[in-house]
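Chain IDs A, B, C, D, E and F follow the sequence of writing; residue 1 opens each chain.
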C-alpha cells in the first residue's frame, strides 16, 4: 500500500474537490494547469508524488472535452512522475449514457472513456451512480461505485412522504423508480408513452397506476435539458397530481434546462453536487445536497484498504 | 477479407449448428472433440483452416463449464492453426446475467467471459438477446448482437393479440416489456412486488394497470427455474386475467422448470431454439420457434462484409 | 509486499486446502461458492481482501471444467475486490499433458490455461511436478514449481531399496526414471515397445537392462486410467521381476483405474494428495503421502519474500 | 489489403477534407456528428464500413479538445463497425510541441496522444511536419510523415531568392533553418538570444552571420501567438535587414496573432492549409499554399500499398 | 492473405537463404545491413514491402547476439514499413536449450526470445527441431515446426542399417533416440551415467542393452562442443561397438568441437545445414545434408495457406 | 516501495558499477554471467531478490549486442525471480542516435530498445544525456534522465573560459551548443557546411560568427569515430582559432577514433565515464570526469521515493 495520500483536482469542480479535502483534513495536492492560446493544456505537478497514493478529482461538466483531456494529462503526468497508485475520482462519469449500441455504427463511448483512462495510467476508479450498473464491467481495473440514493432518500424521508407516489416517466425508467419506491415505501406509477411511426405528435400517453390527488416524485440519475422532466410534470399535473417533485443525482442542467425548470410548475428539484451549477443557471427551486462526505470517506477507505461497500 | 467460410460447432447444440449450416448450404467444418476419462477435452480440427473465415457455434447449456472450456480450446486451436478470422457464435451467451456487481466482492462474470474469449483468440462475436445491451461494451472486439424480438412478435401477431395485455412481472423488467408492448400495440401493466426485511413471506403485491378479463402476456430474455414465471401466472390469474402466455428467448429451463411449467396454469410458453431442450424436459405447452435463419443470415453478411443491423 | 495473508479454496479439494491452512496456523479465507440450477457458478468473497496477499488453492480433478471456471471466477473476484496480490496454488495443474502440438491443428491447452489464469488476474502461480519443466515457460508471471520427488524417494529409501530396479515403461519416460534411479541409487531398465503400422497387436517388446529376480519400481508424474501401468506390471512379471511397485505424484485414477489397480498384481501404488481420491475409488494397495507441508512452506516463503527453491 | 476506400472527416477542417476527397475523386464518407447541449459528442457512421480501408481526417485546431475527443470517438465507431483498417489523417498533429519532459512532473502529451489513438483503434497515422522527427517513435503503429518543405521552397524559389538570407530566430531552430537554407541555396544567420536570471528584460541579442541589406527569411513548423515571430522581425529590421518574410507550415495563429501579424512590419507570412484560418483572423499578408494534393496522393498510395516516401 | 512474397535474409547464413530462394524461384529481398564502428547495426529495406507477405531468414550462429539484434531490427523495420505479414524463419532457434528453470533465479531465455520476436513485430515463426516440443507453447503467434528426422533417417536407411543399434548417450536422451530407433527399425541401448556428489570423476557408467559387435548410431538435436559426443564414442568402442556414427540436426560445433571431431574415432557425423560450418571448422568426417527444400516448401505453403504439417 | 536495494551489473562496465556501489555503500549484487562456447549467455542471480528494489547497470559499449542481450536476460531473470521492482540503469543508452526515420524503411531502433526493455520486464529506466530529449517519450515506463552538462561545465568554468567561443560544428548541433554557451556565458559560432549533389568534395564551408583568435570549444553528446570532430578542429584552426577543446558526454571512441584524436591538433577531449575506455584506446589528451556520483544519488533517490530532478 502506498503510504502518503495526495488528492489532486482538475479544473472542473474546484468547490467539490476542496470540500472533499476539507473532510479528509488535507490540503489539495499542488499542481498548475495552464491553457495556452492554442488551447493546449499543460499540467505540472508541483510536488513530489513518487510512490504516493494519488487521487484525481474531475467531474464531467462543461467544458466537457477539455475536462476529459485535462484528466488524461493529469493521470499521465502522475504515472510518469512515478506515483505509486492513481485513482481517478469521477463524481459524474463522462459519457455515462453512451453505454450501449442502440443504433448501428456508433461508439459505446462510456467504454471508450474506460479504455482511455486505463491507457493514460489510472489504476482504479471511484465514481457515483453510473447510468447502468453494467458500466462497471467496462473496466479491467477495480472500480468503487458509490450511490447518492441514500442521501436523496434521507432528504425525502425527513420531510415526510405520506400521500406520495413514485412515478417512472417511461417504461425504461421503472427499474430505478422501483428501487426508490421500495426505499421510501411509497406506491409506484408508470407513464406509458408511445409514438406511432415517425410522427412526433402521434403519441398516446397512459398512466399505469394512481397519481390523482397525490404528491408525485420523479427520480433519475441525471437531468440534462430537463425537457422530459418538465413534460412529465405537465402530464402528471394534467392527470391530477397535486404536486410534482424531482430527485436527481447528477444536475447536468444543460441547454434550456435553467429556464425550463424556472418556468415549470415543478415544485422542487433536489440534486447533489457531483456537477457544479453556475449561479446564473440555478434558481430557488433547485436544492443541492452534498455528497462530498461520501467521496471523502471512500478515498480514506481505499487508502487504508478498508471495504468501500459499507458506504452503500 | 478471408475467402473461404468454415463453420465449426462445439458439442453443446449440434441441431442448431446443423440447421445454420443447412441454411448456409455448407457442410459443418470437420473436427473431433474427445473427452478423456480424466475429463480433459481434446479438440482436433480435421481440415486445413489457414486463412479461412471461421465461425464456432457454441451455446451456453449444460454441461456449462465443459461447453465454455471446449469453446476456448476450439478457438485456441483455430488461432494456432492460422485461421484468418475466428468468430465466436454464441446463441445464448454464458453468464449473461452476471453483468454487474450488485454485491461487493463478486465477479462480473459476463465480463470475464468476454476477456477469456479474446484471450483464446476470438476476433469477433455473434450473439443474441444479451440480458442487458451494455454487455456489448464488455468487448474490445466487434460484436454483432441479434434479437429474437421480431420472431416472437411475428408469432403473437399472427395468432392475434386483441384483448391482450403485456405484463412486466417486476419493476426491473418493465423496460423490455414496454418494447414488446409497443411492437404488439397492446397495453402494459406492472406487478409491483416488495419485500419487507429478510422475511421472504412478508411481501406486498400490487398490480399497476389493468389485467382483469384480459389475456396476459409475459416476456423475458430467459427462463431458468421458471419459479418467478409460474408465480407471476398465479398472481395474474388471481387478479382476474383470463389466460397467461409467456414469450421467452432463451429456454434455459433448469432445475424444477419442466415440472413447474407442466403443472402451472400457464397457457403456453413460446421460446426459441438458442438453447437445446432435451425431450424429457420439454412438454406440450412449450412451443419452439427457430432462429437458425437469423444466425445463418448474420454469418453470411459478416463473411461478405455487409451490414448485419439490417436483420434487427 | 502485501501485509496480511489470506488463503481461499475452490471446491476441488477441501481436505488439502484445510491441511495447508492448518500447517500455516490460519483459518481458510471466507467465501461462498454457489452453483445455480443453470450451472452458473457464483463466487462471493465474504471478507475484505483489499491489499491482501491472497492465495487460491484449486487442483485439477473432476468435475474438471467446473473447477477451472470456478478458479478463474475466484481470481477475477479477488482482483476486482482489490486484492494486493493473487497467487494461484495449483497442486495438480490442469491440462498439464497437453503441452505440445504433436498433431496438427490441436491446442496446446496447458499454454491456454496459463493465458486464462493471467487474464483472470493471477499474479503468480505455485504448482507441483509439471509433466514437463518447459511448461514453466508458458507463463509471463512468476511460477514456483515444487516437486514431490523428495517425499516419494524418502518413502522408498525408508523401506529399503536393495535389489530394486527402476524401470522406465517407455523410451519417453527414461528421463524422469533416471532422475529417480540416481536419487535412490538403484539400476535402471527400459521397456522398449514398438508398434508396426496401425495394427494395435503387431507389437514388439524388449526389456533393455536387467529385471529378472528384482523388485521393479515404476515412477511417473501422473497415473490416469492405469492402463499402461498395469500392462507394465504384467510385462515386468512376465520377464521375471519378483514384484512391481509404482510411485506416482498425481493420482488422477480416472475411468477404470480403480478396478485395474485392485485386480492388477501390482504390489503397491504410492501417490501424493495433490488430487483427492474418493474412498470408493481407492483401495488398500494405494498409499497416499501428503505434500500439504510443502505447499504450506512455499506459501509462507512467497509471502515473506524468501526463496522457495530451498524446498526442492 | 482492404478493397474499398472511404474517407471520413471530423468537424475540424471540412474544407481541407473536401479538397482531399476532390483530388481523390471520392465523395466524403457519410457520417453525422452531433453535439448535445451537455456537450457530449455523438458520431454515427451513415454507411457500411465492414472491411473497408477507412481514413479519418482531423486536424488540431480550436475547439481543440472537442476535436481530439471527436476523433477518438470516430475511430472507435469505425473499429466496432468492423472497418478493415483505420488510418488517422492528422494534418497538424495535436500537442506536437509537448514532445519531451523539459520540466519535472509534466506529461509528454504528444506521446499520450499516440497512445490514445492506438487505444481507440487507429491502425496507422498519416501526418505532416511533426515538430521533431522523434515523435514518429512514439507510435507502435506505422506512421507516414509528410512534409510541406517542398511546397514552401518551390514557392520561394519561384519568386526568386537572390540576396536572401535564412535566419534562425533562436539557437534551437538552426537545424530546420539549415535544412531550408540548403534547399534554397542561400546563406544562414542565427539570432543568439540570452536571458540572465529571471529578469525577462535582462537579455542580450547577437546576430551571428550577415543580415544587413538582405531580404531575411524566417521559417518554422508552426506559428502560434506570433509573438516570437514579430519580435524577430523587429530585431532583423533593427539590424538592417531590408525586408522580412516568414514561411511556416502550421498556421495556428492563436491569441493575439492576427493583430500582431497585421501590425508587424513583416512583409509576408506564407503558410499551408493544414490548419483552417477563419476569415476574421486572416489578413492580406497571409498567403496560404495548399497541401491537400500531398494528402490525397499519400492516401492513394497507402491504399494501393505503394511507397509514400516518394512524396517527400 | 498478402499477395506478393518477399524473402529477406539476415547476415547469419547467406548460403541457406540463397538456397531457399533458389528453390522458390525468387530473388532474395533487397536490403542493406550495415555495422558501424560503434557496433550499431543499421538495416535498410531497399524495396517497398507494403502489404507484402515477408519472410526473414536468420539462424542462430556466431556472432550470436549480433544475429539476434539484427533479426529484431529487421522485423521492426518490416513492421513499420507496413509489411502485410512477417514470418521469422529460424532454422536453428536461438537459446533453444534454455527452455526450463532447472536452477533457481535463471532466465528461460528461449521464452524471452519468443517474447522479443513478438515485440519486434513477428506475426509467425517457422523453425526446425526445437530441443523440446513444448517450446512451441512459448509463442502466442502461430508456429510451424519442421523436423529433419526424415532427411537424416532417409540418409541412414539408404546406406543400410542392418546390425546397427541406436544408443542414447544419457537417460535424458532416450525419448528422441527411441523415435529414431523406431523409424530405422533398429534396437535401442542406453548409457546410464551417474555422478556421485560433486566429484566429477566419481562416476559409474552402465550400458543398458547390447552394443558389442554392433554399429552404434548416436542422434541428437544439436552438437555443440562435441565433448559428450566424443566421450560417448569412447565408451561405446570400449564396450565393443564396432563403429560409431552420429546424426545431428544442428551443427553448432563450437569451441573445441572441430578438433575433437577430427581426432575422435567417430566414423561419421551427419548433420544438416541449419547452421553454417565455416570451412576451417569442418573436416572430412562431417557430412552435411541440406534442409533448404523443406524450408522452401514450408514458406510456399504458408504463403498459399496450405497445411504445413504434410511436410513432417 | 520495495524495501531492500540491490544493484546488479552486466559485464559491460564493471568499474562504473563498482564506483556507483561504493558511493552507495553497498556490495554489488551477486550474480554469475557465463558465456558458453556457442556464445549463449547464461545469467544466474546468486542471491534472493524476492520483493527487492533491484537496479541493473549496463552501458552500451562493445561487444554491444552481447551487452544488450545480457541486459535483457538479467532483467528477465530478475522478474521471474520475483524482484519487487527492476530499474535498468543505462549510463549510455543503446542505439540512442537511431531515434528517427530519416530514410524510408529503416527501424527507429532506440524505440525498439525501449520496447525490448519493457518486454523483458524493466519497471523503470535511469539514463543520461539521450541524443534527443524526445526519446524519453519512447517509454511507457517512468524514465529518469540525468545530464552530465553540469559536470562538464563545472570543469570548464573552473579552468576559466574568458576568450572562449562555443562552436556548433553543424546547423543540426546548434541547439545543444547554445545550451552550453549560455551556461558558460561565452559567445556562439556555427559552421555552416553544405554539400552539392552527390559529390563528397563539392562542399562549401562558412563560419557564422567569430572564431579567429579565440579558444574554441566544441560540445556533443557523443564522440564515435571522431571524424567530424577532427575535421571541425582543422576547420577552426584554419579559420584562426587559437586552440580547440572538446567536451563530450559519451566517449564511444570507435574505429579510428583513438588514432585520430592522438594525431589531431585538438588540445583536449573532456569526457565522462559512462562508457569505458580501454587503456590502449585512450591517450593523454583524453580527460575523464566521473558521473558515478550522479548515478549513485539518483539510485538512492529512486529507492527512497525522492525527486530525482533535483540532480539536474
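What to note about this one:
As a working rule, contacts are C-beta pairs under 8 Å (C-beta built on N, C-alpha and C of every residue); 3 or more make two chains touch, one makes a residue touch a chain.
Keep in mind that what you see is a predicted model, and the values were worked out from it rather than measured.
Chains that touch both subunit C and subunit D: A, B, E, F. Distance between Cα centroids is largest for the pairing of subunit F with B.
Counting every residue number used by either copy at the subunit B-subunit D contact, under half are found in both chains. Set against the C-alpha centre of subunit C, every other chain centre is closer than that of D.
For chain pairs C-F and C-E, the one joined by more C-beta pairs in contact is C-E. Counted by residue number, the contact pairs of B-C are over half the same as those of A-D, the matching pair from A-B, A-D or D-E. In terms of their C-alpha centroids, the spacing between subunit A and subunit E amounts to 62 Å.
Averaged C-alpha coordinates give centres for subunit A and subunit F that are 51 Å from one another. Work out the mean CA point of subunit D and of subunit F, and you get 33 Å between them.
Of all residues in subunit B, those that touch two or more other chains are 48, 80-81, 101, 104-105, 108, 115, 143, 307.
Chain pairs that touch one another are A-B, A-C, A-D, A-F, B-C, B-D, B-E, C-E, C-F, D-E, D-F, E-F. Interface residues of subunit A, counted against subunit B in their complex, comprise 99-102, 104-105, 108, 110-111, 115, 132-138, 140, 143, 145, 168, 170-172, 174-175, 177-179, 181-182, 187-190, 192, 194, 206, 208-209, 307-309, 312.
Those residues of subunit A that touch subunit C in the complex are listed here as 1, 124, 142-143, 302, 305-307. Of all the residues in subunit E, the ones that touch subunit D in their complex are 3, 48, 50-52, 79-82, 84. Interface of subunit F with subunit E (complex): residues 36-46, 48-49, 62-66, 68-70, 72-74, 76-77, 80-81, 95, 97-98, 101, 103-109, 112, 115-116, 118-120, 224-225, 252, 254-257.
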